[in-house]
């Protein structure tokens, strides 16, 4: 059970990071697949990501319904997660959000979102745009059932991100830390591309070879990836919750304690209650 | 009287949210109609929204004048509210503000502000631009009497928002929570459209059917709407003031207390004095 | 001497507001003319505006030199202030700053900065661009002597603001509160115009009649102007320093004390030391 | 050894400033050459700049390898620093970062980054763009060995900054305070130029004479430069660590103590632990 506890703690951290880094606001969510039961996943009950605690996490099945009898309200769009976990066995974490600077690329026909900066390489060479109206006509634009979720998952295909026209994006990763990082740098890559277009002339995108090389070198618990996870968690006020299961380099007791202290002090939002 | 007390508390929360979310600054205001007397409405005395407390709220008539003898200075532009309440019996709350990213759409002739993102659907398919100069010539651009207020209300018609050329916007809703949400997402929709225009090509606006579908599904006390209200209030440091009169899902004592505590700790501005 | 004390306190407040509102950073300054001796003015010693306290204020003559023997380092560009005070007897306060969004208008030849929003009206119908190179050739672009200051003042003429090519702006007002307000809204007006240009089509500027009407109605201690001053000071953490010498509407003891308390609590930067 | 201690303290301050001013995030680094041994330099171990303390600083040789036996993980891209120190004997400090608004200029072919504002003059008249793919083909875009570092240093030549296509920039200065200032104002200069391009018409760049005049007048411990360093350190919460070895104007005990106190109170991130 220690493992599940870590996973749920990491999911809380992920929510706080996405809120602090402006990927989600009152809306948007992140989920992680159950490590022992691939047909279940964890996600928060209906709550703004910045306010989520461990006890807010619920366990859902691949139909998007709660596994246990739980009367708490759930996210309307939990089917995005269910359908992607269903379609992609290798995916272990999913984010859905409305990060502002990704929106223009789902609305304007002329410019395709592609990686232009190294930290954006993980969005992959192809970012499809899903338009719910194509199959479902005049909806409220939300993904509120499995049929819609599956259509989105189909459009996503084997890619890492799909834009959702007039709405936001869905991203999928092999690990939680990976999908969070991808989702934080997605809007940054979008801004770099938008501004480059304004400067004019030919745009130098990352080459396929560069995208592949970066993907090959990626590891969710590498020193470099963990540096960002640790930093973002600290900024979000939950640095004291960070644990690193398979640290290749030992984190000394002293340094951990210090970081936790600093995290609590530094956090602008100072959610410093005992956990 | 408990009801009135709740309404005034909600109006304070609305002011703080609009300030925190950068919809208002030193200027801008929000009002709510008296629940028992449709010819009266509540609004703050002349004060920056971020500083407003319950005792700053005054009661005005549909002529924009105070109902009780009150020597405190009032907003010059309270006639915007009076005239909209007069013209629109179904409207119960009004916002007037100068949110920066709405301004370009009142100034530039070429691009009409329309919903391009789902959270912007509530601005409605038609956002008229009111130019005070058309009828009133060379004024100080402010709405300082009922004649000007009525001309604005006429331009607003049955729409949810009117832009005011070189000045800002006025928005109207059936409930306070609705008009606040609309006003928070209005600048975001404006930014998404501006950036989409820069990316070029055809713009995919929300369709009329999508706008209608979202309007039909909207409820000011739905789980989803309340999630944002609760989150924004918490961010603005007044999470402990939030009450939910007709909660479809019970908010447990424990969770409420926790949220209030977190709100007080999290609030950057920490207005944590007893209310 | 009480009067001088108030003026120096107001100058500290002005510095803090300009810092908090991103008009100045490590650089930029604001000055006020001596009320009893028009040939003297007050300005801080060389220090970042956000850090300035009452004891940092020095008294200079219209030659830009200190009146008293003072060994503390002074702003290199104090001659901007000296020369404008010399040329414009009706001007009582001057700001020089590098607010980021004013810079493009001093660099790009095609678009003239003019008022497009009501809060920008005070920059006036004509904002000249001064280029130091025209008369002084290849300098370090700074105004470091009276000859350069006088050339800038000549370019400013009877206007409220002059842009300084590749550098920033200088603004002048009849009162401190006026020049601060103008300087805060100047970058906002610049942004609104830049974005309107991007939206395309004809731009509706404020008309001359509207600019005149607003200028006529302006008073540095009106309820409306003071609302902003009080709010900005509170945001900047110096709300407790605010005093209002000629208040047309009495500020109750209670409300003042409350505001001061809130200011101290709210201030993100919490410079809460006793003054 | 007092000298070394000061240098390491200054390097911590530099890291904190670059983080606070949004030049670096989880990634990016700054280094300083050993004052007594030009073949060594100091840089942090692999850690986000905002979290760095004195004990995180390591000493490396010009091959990018640690001088002492140290098992802590190092920055992958430390070879950027090593190669620039190797190629440029007069350079004593180096920054590598991904500041967002510098990125478009490395991606878009049409617009060259050049100084348009006085604070941007220190980037120099020529900012080359280095493309790692030109010599090394399809890499992960990172500079992970001396060969790549040397190729970048060659492209940098005698300039102050080189943009790195799809990645970021490397900047070099005679002193730490100089390279930090350059790196803070580099993105600001980039934004001013981008926006000027949007306004249209001819762009007025700083002239060669102006760039030269400013470079001649620059001194890392001038009153003006130190004002920014002191201010930025205070904002970043490490104002109490600032010392000024060769102060031309005495900093009074009282003022220093006051500043340190204010720094601790003001710092939003309040890392107020004893050092």
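Labels for the chains are A, B, C and D, by order of writing; each one numbers its residues from 1.
Rule of thumb we're sticking to: contacts are C-beta pairs under 8 Å (C-beta built on N, C-alpha and C of every residue); 3 or more make two chains touch, one makes a residue touch a chain.
Quick caveat: nothing in here was measured; it's all calculated off a predicted structure.
Chains that touch both chain C and chain D are absent from this assembly. Graph distance from chain A to chain C, where chains that touch are one step apart, equals 2. Interface residue usage between chain A and chain B, two copies of one sequence, is largely distinct: under half of the residue numbers at the contact are used by both copies.
Centre-to-centre, using mean CA coordinates, chain B is 44 Å away from chain D. Chain centres here are Cα averages; for chain B and chain C they lie 31 Å apart. Shared contact sites, meaning residues of chain B that touch two or more other chains, fall at 197-198, 268. Residues 25-27, 46-48, 50-51, 53, 71-73, 76, 98, 100-101, 103-111, 131, 133, 137-142, 165-167, 194, 197-198, 268-273 of chain B are the ones touching chain C in the complex. Per the touch definition, chain C reaches chain B in the complex via residues 116-119, 121, 188, 191-193, 195-210, 212-214, 217, 223-224, 227-228, 230-232, 234-235, 249, 258-259, 261-262, 265-266, 268.
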